[in-house]
Amino acid sequence: MNSPTPDEAPPLLQARGLTYLRNDEPIFGPLSFRLYAGDVVLMEGDNGSGKTTLLKVLSGLLEPSAGTVLLNGEPLTLARLSHQVSLLGHLLGIKGDLSPLQNLRFAIGLGGLRPGITPHQALKSVGLEGYEDVPVRQLSAGQKKRVALARLLLVPAALWLLDEPYANLDRDGIALVNRLLELHALRGGAALITSHGAYAYTSGTPRRIDLRDTAVEQAA
Amino acid sequence: MNSPTPDEAPPLLQARGLTYLRNDEPIFGPLSFRLYAGDVVLMEGDNGSGKTTLLKVLSGLLEPSAGTVLLNGEPLTLARLSHQVSLLGHLLGIKGDLSPLQNLRFAIGLGGLRPGITPHQALKSVGLEGYEDVPVRQLSAGQKKRVALARLLLVPAALWLLDEPYANLDRDGIALVNRLLELHALRGGAALITSHGAYAYTSGTPRRIDLRDTAVEQAA
Amino acid sequence: MNPLLLWFHKLGSPPYFYRLAGRLLPWLWGLALIGLVAGLYGGLVLAPADYQQSDAFRIIYVHVPSAWMSMFIYAFMAANGFVALVWRIKLSETLAMAAAPIGAAFTAICLATGSIWGKPMWGTWWTWDARLTSELVLLFLYLGVIGLYHAIEDRRQASRAAAFLALIGIVNLPIVHFSVKWWNTLHQGSTVKLFGPSLIDGRMLWPLLVMALATKLLFAASLLSRARVDLLELEAGKEWARQVALAGERT
Amino acid sequence: MSYGSSASACRALLVRDFSLVWRRRGDALNPVLFAVMVVMLFPFALGPEAAVLARISAGTVLVALLLAGLLSLDALFRSDLEDGSLEQLVLSPHPLPLLLACKILVHWLTTALPLIVAAPVLGELLYLPRDVLPVMMAALALSTPLLSLIGAVCVALTVGMRRSGMLLALLVLPLYVPVLIFAAGACNAAQQGLPVLAPLLWLGAALALALVLAPLACAAALRISLS
Amino acid sequence: MSYGSSASACRALLVRDFSLVWRRRGDALNPVLFAVMVVMLFPFALGPEAAVLARISAGTVLVALLLAGLLSLDALFRSDLEDGSLEQLVLSPHPLPLLLACKILVHWLTTALPLIVAAPVLGELLYLPRDVLPVMMAALALSTPLLSLIGAVCVALTVGMRRSGMLLALLVLPLYVPVLIFAAGACNAAQQGLPVLAPLLWLGAALALALVLAPLACAAALRISLS
């Protein structure tokens, strides 16, 4: 891991005592951790342990009940956050009535374009060459997921928050996700991914965050 | 495998030259295979290869474009089929507003009850003790799936058609599915399950059906 | 922090509020009851009959106070909603949502007594004039707030959404009040003097004022009662709520 | 093994659907509120002249109830479709028309019945003449089940589509028009002091027919639109 | 790296939403058809007397358009919510009120504008007096954007709920009533030969206010109901 030491640069993402209560029931306890450029962190947890909820809090969609989220050392506000963060949730944010190409064009309009790549190239590198103009509705579950992965490639966000990126993908697809994560880490990005643990990021040993471990700062 | 020989008893499920066209495009080619009591068959296929579609055809929800499905040697009609078949699809068929217990009671009313088991016991054996009366909506993705698994335990169907039963489950959940399948096979049931291949039925080597292999009768 | 702000902060803490409200409640209920009895006795028995309407006018002692309350409570709810949205104070959320059903009830009473009164006065239960209509719209706004609150699962999110709606609906309040001025309506203008300066003497006026005060106390009492229950439910997981529940079991 | 009888399947379905309505009992009042609102819009739109309103009251109440019923139709199968329960229902061993008849019954009891109860109030809002009221209630009692049954067939046809709301309205309304004509005909006849029996009898006959045929048609339509 | 400007984000959003409408251009006509049907139901419900129909024509057309608009409201954010696009929109770096204003604009252009175009035909069906037509068109041009803007705020509040249709109607209608009163007031004044300017000016003023405030309120409401 090529993390600079903490006093050199602020971490890309830092959680401090992050807690979320739903109807006053704790979903996850006080969590503290840091992510530096080049980190890929895997978050494992059983069904219902709060992984999805944590990602929503980190992205700013939900407000934490306690604690703060810092991006590049500054507290998260919706306006600052979004240039830095790409969220891939259970719902992919893709229109079934439009083609993959139209969907990607919209994503670029909304989030900007990374230099040196085009939508066509991105679709090709996720294995959807030839499907550029088919309505997404007619793709299978796994093919839809690939369209969402192509969006990650195009939009210039440094931090990826991926909720079960491996679900619904075949073996090729799993390898693809791992390739994308490696590339992203090499370029100085960081990623936080959730998984049930049966698939995982396989390059090196990824750092892990455990949702049940609330005592000390983890993986710092 | 404890399959009786073909001339002893008709197979529980038999597909003969089964083909499905969507808008005149073939989704899967002519497929022929048989399932006997005690068989657990794994169907692997890449994203978009037609697994979900095949299960719908076998259950009678979709009509095949060519070929026939035989249940216990008789052609499939909706009325006969349903006592024999339990389908677990991408959509679980569970009401978010009702509790697991209410959902199971409804399933029993609709499909009948296997002797020697109660809804409470079924929920316990899928690890949902204590959740009997929580609205299903408030359960996480994996917990919902477990409710659907409990339904399989209760309803007296000999043939299980399971579409990606492992998706969204944690490691415990995967082991649970495998335990349920073993039990079902021992009791003389049969199951056809789909998977992307990263998880699988692990007891012995399950028979496999390949959707791309259309030439001869498979796994007969 | 200056003392006033500090007190405000303290008041906003659920356990403190719960105890304070508990101490105030018997007084509020008692005073409200005395006021109601006195006002109704004054209005229904002591006040002289109107020379135009004879005894029919006595319904004014229910109609007008509840009409005033329907607007007052809406304003109260919207103000609390504003505080809840801006400063995220749990107590304000609770108060706003506890006020809504009470306000809806007063609105319904106003509408019912109004139409009962309308039958002898205007010869019809209902007409579509501006005051009546805007009061009806007020009822629907209350129902919308209540409906929205109950349609959302998460309690705090629900109260924020409902508070927001209450704020939007506040444009209706001036319409209710000034409708008699802006449009020429069947309904009386907004002075009690319409009864004739000679007749609205003290014996007719004071029961009305007493009733106005008594309904405010009634509102305060039932608001605090409801808010206490709601707070206890909202904070069910907290230590103080558990203690309250335990104490309740012991007695 | 006990596969269960069709009667117990119906009972299970009724219990489940009533529990679902009970869980969201707030929603059950919504059609009534909607009808009240539509009726209320008319005095605003036409001005408050009692004579004009009385003339159009029966017709407007009928249209409002029809629209409220129409809008609540969409919910008949939607949630069952979205969570996969509908597939389970279709795959069940019991006669589908019977199960669907149960669903339609619950739907009528929970949406149309409250509307009928509210109808006198709605009429009052528009100065409906008192002697027309009984006829209007009779017309409603006969026509709302008919509308539910006809509606269910159309919903079954559109159930697989996203954003089917408007399309559904288009399919349903032409079929509703004859019902409306007879129901309104009875009310208008009553308002003018003419005999009202004939249109009511026609409605009754249509209802008897629909009670038998609609569940069958509904089942067939559902099978088509799920495949 | 180019993060893109807010203008290009708006352009992308407009292009996408128009493509979506174009892909389902059949649906775009549905509100018009619905309004036509509601208007057509009245002659059936009231009987075909021209005098009665002419008296109620402007009001009925307004109510029909209002209901059609109301029903199409639900689609404003629904599909974006269901496929996760709404989350992406909220998380985008650009001002949310601006993006929402674009969405409301597309919605108005594709649902309300066809309704306005169809209004003369609807009026004709109910024997609307010719000299009332221009006033009605002016009232519609001012009130439909107002309805879309007010409606969008309420939709944003209910967006996370299943089966929100009826609740939405309950929330929206009280706010629609004043708009309807002014619009109908102008039409009725025209029908009686009275001056029509005052209610139209009120509508214009309200529209100007709503154009500024509604997108802000809509964004705030959306943030509340997504959290």
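We just call them A, B, C, D and E in the order they show up, numbering each chain from 1.
The working rule: contacts are C-beta pairs under 8 Å (C-beta built on N, C-alpha and C of every residue); 3 or more make two chains touch, one makes a residue touch a chain.
Just so we're clear, the structure is a prediction, and the values are computed from it rather than from any experiment.
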Chain labels contacting chain A and also chain D: B, C, E
Subassemblies held together by touching, chain B left out: one piece
Common touching chains of chain E and chain B: A, D
More contacts between chains, B-D or A-C: B-D
Copy pair chain A, chain B: interface residue numbering same or different (half cut): same
Euclidean distance of C-alpha centroids - chain D vs chain E, Å: 26
Rounded Å distance between chain B and chain C, as computed from the means of their C-alpha atoms: 58
Distance between chain centroids, defined by C-alpha means - chain C, chain E (Å): 33
Of all residues in chain A, the ones touching two or more other chains: 90
Set of chain D residues in contact with two or more other chains: 24, 27, 33, 37, 40, 44, 47, 79
Multi-partner residues of chain C (at least 2 other chains): 133, 140, 143, 147, 151
Inter-chain touch pairs (all): A-B, A-C, A-E, B-D, C-D, C-E, D-E
Complex contacts: residues of chain C adjacent to chain E: 133, 137, 140-141, 143-144, 147-148, 151-152, 157, 160-161, 164-165, 168-169, 172, 175
Residues of chain B touching chain D in the complex: 59-63, 78-79, 81-83, 85, 87, 89-98, 102, 105-115, 135, 156
Chain C residues touching chain A - in the complex, by the definition given at the top: 154-156, 234-238
Chain B contact footprint on chain A (complex, rising order): 45-49, 52, 90, 139-143, 145-146, 164, 166-174, 196-199
Touching residues on chain C, where the partner in the complex is chain D: 124-129, 133, 136, 140, 143, 147, 150-151
